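Shared chain: chain A. Partners: chain B in the first complex, chain C in the second.
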Partner chain A sequence: MTNLAQTQSMSGTVAVWSRAAYAISIVLLVWLILLPFAIIFLTPFIEEEAGFSSYAEFFRDAAMLRATWNSLLVAGGLAVLSAIIGTVLAFGVARTSMRFKGLVRVTMILALISPEFLLAMGYILLAGPNAGYANVALRNILGLGTQTGPLDIFTLWGLVFTALPSGVSFVFLALVPAFRSMDPALEDAARLKGANVWRTIFTVTLPLARPAILTGTLLAFATSLAMYGPPEMLGVAVLTVSIREALLGLDFDVASVASAVLVGMSIIALMLQRFGIRHAERYRTISGKAFAPRTLDLGPAVHVLTVLGLLYVMLALMLPYGTMLAVSLMKSIGNGFSAGNWTLANFDAILTDGSIRKAVFLSLQLAAACAAIVSVLGVIVGYVVVRTSQRGRSLLDYISVLPLAVPGTALAFALIVLYLNEPFRSLGLYGTPIILLFAYLARFIPLGVRNSQSALVQVGPELEEASRVFGAGELATLLRITLPLILPAFIYTFLLVFVLAIPELSASIVLRGFNTQTISTSLLSVWNGNGGLAVACAYGISIFVTVSLIFGAALAARGLAGVWSGRKPTDY
Partner chain B sequence: MVSLIGPSGCGKTTTLRIIAGLETPTSGRVIGHGNTLSDGARVIRPELREMGMVFQTYALWPHMTVFRNISYGLRRKGYDTAQIAARVSEVLGMMNMSDHADRYPGQLSGGQQQRVALARAIASRPEILLFDEPLSNLDAVLREQMRFEIRSLQQELGMTSVYVTHSQEEALALSDMIVVMKDGKIIQRGAPREIYDTPRNAFVAGFIGLTNIIDLRDVAVSADRIEGRLPGGGTLAAGGGSFDHARGGRTSVSIRPSEITIAAGELPVPENGINVLTGTVRDVVFTGGVIDYFVNLPGGKDLRVQTVPPVRAERGQTVTLAFDIARTIALEPGDPA
Partner chain C sequence: MKLGNLKTGSVAVLALLGPAAASAQDGPLQIYSAYPDEHMAALIEGFNAKYPDVEVQVSVQPGEQLLSTLELELRANAPQADVVGLNQASISSLAADHGAFAEYQPEGIAEVRESLRDPEGVSVPACVNVYLIQYNTNAINAEAAPTSWMDLTAPEWENQIAMADPSSSQSIQSFLWFVTQYLPQNGQDAFDWDYFTQLQANGVRLEGSHGTIRDLTAAGERPLGIQLLANGQTSANRGDPTSLVWPTEGSPGEVSSFAMFEESDNPEAAQAWLDFIVSPDAQAIMPDALGCAPVLSEIDYAFPDGTAVSDVNIVPVDSAWIAENREAQTEAFQAAMSN
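Moving on to the complex of A and B:
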C-alpha cells in the first residue's frame, strides 16, 4: 500500500480531474451564456442617456406595443391549439387502435427538426392570396369570380397556422410517453367504479397526463415567441422582427428593451413549466415496471382520430413539401402543373451557384464545430453536475439551460453589442464566422448538457465505483467505463446539434456579414427574388432531405444507446 | 468473515463504503491489515487499497464481456496477457462459468451475473473482500444456494471478508463474527451462536431470530439466576445474560419460541431448572415443518411457541409451557425490537 501522505485527496471519488472540469465549465458558460444574457438587460443602462426611460419609451411606442401583443397572441393561440390537437393525436397514437400511427409519428418528428421557414415557404406557395395553388383550386371549385382569396396566409392567424405543426409536435412528443407509461390499473379502477370510457378518459387519463401536457404546451409557447423566419416572411410584426428592425436602424436601446421583454416572457413560461411539474412525483405512474399500454375501445370515434391524423400529415408534410417539390421541378411557375413544364435545372442551379456553395460550406463547418464543442462541453458540464459534489454545480446547471429562454435574435443583438464594444472589440470578431459560432454554441449548449446529463444518470454510479475499487483512477474510470457507456448518447447529441444548427436562421440573419452567409440566409435571399421561387424550392427541398437523413442517423445512434442500457443488469 | 447486520439506514453500507474508500469519513481511522487507510480527512484512494468488492447491483460493466470484466482489475495491476488469461479461466472455473467468458452481462441470468461479480472480486487475490448485500437481488432458492457457495469459497480462499446484509439467515450462516448495528452504532458483536444464544438486548434478540420478550417485576438476583414476577402472576427465572441491569426491580428476559415445550392440560411442577407457565392457546398455525402456537398468558401477554409436528394442542385448550432457565436470557434495557 502507498504512503498515506502522498495520496491525500478531498474525497474518495473527487480529485484533480473533476476540479479541472469544473473550472472549464464555469469559464465557458459564463463567457458564452451569462455575459450575453446580462448585456440584453444592461444595454440601456450602460449607454449614457437611456436607462429606465427607454423602457417607458418602449411602452409608449404604438408599433412596439402592437409587436408585443402580436407575439403574445401568436404564442398564446398556438399554445392553445397545439395543446388540443397534440393531446388528441398523442392519445390516439398511444392508446387507441387508430390507423396510420407510424406515419403520424414520423411527421411529428420531421415537423420538429425541419426548419420552420421551409414550412412558411410551402404555405406561401399554397395559400398566398393571389396565386396560391390552394386558392386557385378553391376559386375554381367554389366558382368564385374574385382574383384573391379565399385563403390569406399573410395574416396573424396564417402565422399561427404555419407554426402549428411544430407546436403540435412539442405536445405530442411530450405526451406519448406519458400515456404509454400509465398503469392501466388506474383506469380499470375507474371503470370498475362505473365510469364509462369517456368519463374515464376525462377524469383519470387526462388529469394524470397534466404535467406532460403543460410541459409540451409551454415549450410550444416559448419556441413560438422566439420564432423569426415565418413572421418575417409572412410580414407579421412580432418582437423578434422588431429587434432586427431596430438593429438595422442602429437603435440599440429599443432592441435591448424588445429583447428583454421577449426574454422575460419566455422565462415566465419556462418557470411556469417548472412550477407545473414541481409535484411530478404525485403524477408518477412509472414505477420502473413496464406496462403493456392497453388500447381503449372508442367505437366508431376512432375513425375521427384516423382522419385527424391524416389531416395533420397532409398539412404538416405532404401539402407544403409536395408543393415545394413540384415547384422545384418546374421550368416556369406561371405554367403550373402542365406537361413539358418539368426540369431539373433548378437543382443544377443551386449546385453550380458559387455563393450558395459557399454558404452551404460555411453552415456545415459551423454546425460541425458547434456540434463537436457542444457535445464535449455537455459531457464535461453534465459530469460536474451529476457526478461531483462541487459547490455551485446546480448554478452551473441553471446557467446551461438559460439560453432556452433567449430567442436567437435577442442573443444575436447581445453578441453584436458585446463584440462591437471594448474590451472585446479589438478581437475583431464582428462579421466573422467566429461570432456566428458563439451564437450557435450558446443556442445549443442546453441541448448538449441536457442529453449528457440524462445519459450520465443512466449509468449507475456503482459502475464507476466498481472501477475504482478494482484499481482504476478517476481519469482511467472516465475513459474506460463512463465514456464508452455514454458514447451512443454522445453521438446522438452530436448529430442532433449538427442537424439543428445547419439551418439556424434567427441569430444568423442578424450576425451574418457579406462574406458569412449561411444556408438559411442565402436561401432567404434566393427566395426574396435573388434567384426565383423555383430555385428557392429546390434549395429548400435539398435542405429538408439532408436534415431528415442526418436525423435518421442520429436516431440510429440513439437506438444503439437503448440496446446498451438494455444490457444493464441493474434493475432494482 | 465479519457480517454487518442491521435495519435499513443503520449505517452498515456506509461503513462498508468507508472501508472501500468510496465514502470519506468526517473523523476516525480505518486500519486494514496493519495499514492506515484513512485518518480523519486524509484518505487513501479506493484504487490503491487492494480490495475486491461485490456490489448489490453486481455493477458489471455492460459494454464489456465477462472476460474483460474479470480481467479489468488484473490489467490495472499490470499482469501480463498470459497471466491474465490463466487467472481469469481459473476463477471462472471456480464459479462453474468457464463457458461464458465471451458473453455480455446482459446475456446472463441473475445468478450467473452474481457469479461473475464474485469472480471479478477475487480475481486479483485481494487482501480484503467486501460484500454489499450481494444476494438481495436474487430469488429465494438461488439466494440460499449462493449463500453456501460464498461460504465455501471464502473458507477455501481464507480472505478477510466484510459482508453487509439485512438478512439474519445470511449473517448466521456465513459469518465468523456478526456485528449488529443500529442508528450508526454497534449494538453487539460476537460469534453467530453467541449472538443468537445470548442477545444483549431486546433489539438484538428480535433482529437475530424470533423471540419472546417478557417483562418481570420484583426482581431478585442470586448467584446463578435472576428471578421475578410475571404481570399476570407466577414467577420466572433467567439463567443467562446480564444480571446487572435490573432497574427499579424490573428487567426483561428473552426466550426463543423453539426453546419452549408445550403440553395440553395442567401438569405438576417438574424438577428444578425449568420455568413452567400455564396459558390458553389463542391460535395454532401449521406451516409444514414448523407449528406456531400463540399462547395467551393470564397477564394478557401472548407467547409464541414453535414445535415440530405433530400438533400438540388445539385452539382454546389450556396448556403448560416449560423451558430451560439456562436458555432464558436476561436483557439489558434498550429499545424494544
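Moving on to the complex of A and C:
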C-alpha cells in the first residue's frame, strides 16, 4: 500500500471514531448540562407562564434584592480578601525562606477538599456570640464585662470568614506554580537596573502572576456565590438559600429567577476571568528552559509571612477541627470541658445508625459512579476537542465548562422541574438516586474534561502518529498509546472527583428524599437536631478524616505517576 | 385457581390462623418522619418486639421540609415511603391537596381521646406535644427565668432567645396559631402578630428545627428556647444543663401523628405500625419514645420536670384551622418579623 493510500485509510478510521466520540459527547452534554441550564431560564415562561413579570417581581421584592446584594457582598469580600491573603502566602511559600511551608501547603489542600459546612460547624462552636469558646476566652482574657461578643459568626462577615480558608486556597494553589515557573532573568534585569527587592516584587513578579491571581480570585468568587451550607447554617440570606426556600414553598417562579440571577453573576465572573487572561502569551514565562525557583531575601519581613502562615493553619485547620473533635467527645455540649463529660458514644452513634450507614453507602456509590463516568466522558470530550478537527468541537468545550457557573441548588431546581414534567416524568427518575447522579455528573464534568484536555495536550501527537505509521488503527492507537500515557491523569481525575463528590451538599439537599439521603444531607440533618451538635461533630470529624485519606491516596497516585508538575486541584 | 381466588383463599386461611396472623407482617417498612431518629428508635424497638420480621427504615427531615419533599414526590406520583410521621395539621394539609393517604381505623382507636382523633380518619394520633420555654440553668437562675410567653419580650432577654422558623418547621405553626388566634380570642389582647415583631426587636434567632434550638439552649448560645416538650425530654435524657418553664398563659398542644400512603408497598406492615401506635404498649413508652404525652387517658404520665399533666394548662391546637391557613400564617409571620 502506498503512503497516500495508508493516509486515506487512516483518515477514514479517524473520521469514524471522531464522529462517534463527537456524537456521544454532544448527546450527553446536552442531556446533562444544556437541558437543565435552559430550564433554569425558561421555567417562568413554561411552568408558570408568568414570563418576564417574574423578573419584574423579583427586583421589586426587598427580600430578594437583599439576598442578591448579600450574595454579591459575600462573594466580593471573599474574593478581595482571598486574593490578598492567598497571594501573600503563595509568594511566601514559593519564593521566600518562610518557615512551615509544608504545613501551609497541606492546610491549603485540606481547606479546598474538605466540605465547607464542616468549617461552618467549627466556627459556630468557636464564635457563637454568647457561648462560643473563642468569645468566652476573649471575654476572660480582655476582662470584658459583657455576656456577648466580641465575635459574632452569625453575620455577613462571619460568613465571609467561614468561607475564607477555601477562597484563600483557590488563589494560593493557582499562584504557587506561577511563582515557581517564572523566568528569574526578568527579576534579575529589574535588580540590575537598581530596583530593590520590594520594587522588583511589585513591578515584575506580581504583574507576571496576574493571570493566576485572577483565575484563583474569580474561582473563589464563583464558588462563594454557589455556596449553600454555611449561609444556611449561619442564617445569612443569600441567593442559594432563597432558591431553596422558594422550592420549599413550591414557588418555582421565584426559584427560577433567583437561579437565573445567580447563574448570570457567575457567568459574568467567568467571562471577566477569560477577558483578564486573554493575552496569556504576554505572561507566558515557561519556554522549555528549566528554572530553579529563586528564593528572595526579604530580611526580617519573612517572619511576618511565617506568622501569617501559622495564623492561617490555626484558623483554617487547628481551631475549627480541634473544637469539633473536643465537642465530639462530650456527653452534653452544655457541660463543656468538665470531668465526667467525656464519651465515645457520639462516634458509636454514627457507626451504628442504620440511616447514616445507608447515606454513607449511597454517597460512596454515587461518588464512584460519578467519578468513573466523568473520567471516561472527560477523555472522550477532551479527545474530540484536542485531537480531532470536528466542526463544533469548541462548542463542546464551552458546554462542558458551563456547570462552573451553575450553583448546585440551581441545578437541582432545574432537575426537579425537568423530571416532574412530561416527557421526562414517565422515566420515573424523580426521588431515585439516578437524579442525584445526573446532578453530580453535571457538576463535575468540567473537572473531567479540563483534566483530560491538559493530559492530552501534554502527550505529543508524534507518538500517536508513529503508531499509525506502523499500521495500528485508531482504536488500537488510543488503547495502546494514548490511554496508557494519560492513565495517571485519568486515575487522578477519578480520585479527585470521587473525593469532591462524596460530601456534595448544595444539589443533594434540594433533591433529598427517602432513597436519596447522602452523607452531607444526613450530617446537616444530625446538626439540625436529629442527633445534635456533639453527634454532628463526631460525624464531621469522621468525614474530614475519610476525605483527607482518599485525597492523600489521589496525590500518591499522581505522585507515583510523576505528573505532580504544576497541575493542582484548582484545575477545577 | 385464579389469582383472585388464590388471594381470597389465602386471606381465609390467614383469618383462620387467628393471632398467628400478626407474625405474617414482614419486609421493609419505610417511614418518613419529622420526629428525630433517637425518638423513633424506642418506638421501633417496641414495634419490632411485636413484629420482628418487619424491617423499619426511617428518613428524617424537619416537618416543613418534609412536607415540601412529599409534595414534590406526590406531584411525580412517586411517594417513596409507606408511612409518614407529621403533626395532624400537616397531614391534613397534605391530604387536602392529594388523595394520597389511605383511610385506616387502627385497632384500639376507640380508646383514644375523642378530641384528638382525626375526623377524616386519615391520620392516627400518637401523642400530644406541647410548647414551653426551655432555659439553660448555667446561664439563668430558676428564680430569674421568665414565667410567661410575654416575658420573652423583656429587654433583659435581648439576643438570648431562639425559636423555629415556619418556613422550615411545621410545629411552630401551632405556636403561631396560639399567639395570634387563641390567646386574643380568649381575652389576652396583648397578643397578636405584634408579639413576633417585639421578639424580632429583642433579637430572637430563627432556626430550622427545634432540635437545633435545643442544642443552642443546652450550649448556652441561645439560653432561652421556645421549645417543644419532646426536646425538653431529650435534654433531660442527655443530662443537659436545662430546665423547663410552663408559661402562665398556657401551652399549645399539637397532635403528633402517623398516616399511611394509599400506594404503600407494604400495607400490612403499615397498618401494623398504625395499630401499634395507639396500642397501650406504645402509649406507655410514648413519653420516652416521642417525648410527649400519651393520647390514651388511661396511661399515667408526668412531664420530665415532674409536673403532673393536671397542673398544666394545655390548649389543644385547632389542626383543621392550621391546615387551611398555614401559608397565610407563614406570610403574616414573615411580615411581622420584617416590621
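By definition in this document, the second predicted complex is superposed on the first by the 543 of 572 C-alpha atoms of A that agree within 3 Å, B and C clash if a C-alpha of one lies under 4 Å from a C-alpha of the other, contacts with A are read in each partner's own complex, and residues count from 1 in each chain.
Heads up, the rule we're going with is that a residue touches a chain if its C-beta (ideal position, glycine included) is under 8 Å from a C-beta of that chain, and two chains touch if they have at least 3 such contacts.
All values derive from a computational prediction rather than experimental measurement.
For A:A258, using the defined touch cut-off, is the partner it touches chain B, chain C, both, or neither? Pick first, second, both or neither.
Touch partners of A:A258: none, neither chain B nor chain C.
So in the superposed three-chain picture, is A:F154 touching just chain B, just chain C, both, or none of them (first/second/both/neither)?
second
Contacts for A:K331 in the overlay, against chain B (first) and chain C (second): which applies, first, second, both or neither?
The second partner, chain C, only.
Once the shared chain is lined up, is A:G532 touching chain B (first), chain C (second), both, or neither of them?
Only chain C; A:G532 stays clear of chain B.
Contact-wise, after the overlay, does A:R512 reach chain B, chain C, both or neither (first, second, both, neither)?
In the superposition, A:R512 touches chain C alone.
Quick one: which bits of chain A touch chain B in the complex? Just the residue numbers, please.
1-2, 4-5, 7-13, 15, 460, 462-463, 465-473, 476, 480-481, 484-485, 564-570, 572
For the complex, which residues does chain B have touching chain A?
Residues 20-24, 35-37, 39, 41-53, 55-63, 72-73, 76-77, 104-108, 110, 113, 120, 124, 130, 137.
Write out the stretch or stretches of chain C touching chain A in their complex.
By the definition above, chain C touches chain A via 30, 32, 36-38, 57-62, 64-65, 68-69, 71-73, 75-76, 78, 80-81, 136, 138-139, 159-160, 167-168, 205-216, 218-223, 231, 238-242, 327, 330, 338.
Would you tell me which residues of chain A are touching chain C in their complex?
Spelled out, the residues of chain A in touch with chain C are 62-63, 125, 128-132, 148, 154, 232, 235, 245, 247-250, 331-335, 353-355, 358, 416, 419-420, 425, 428, 430-431, 512-515, 517, 525, 527-533.
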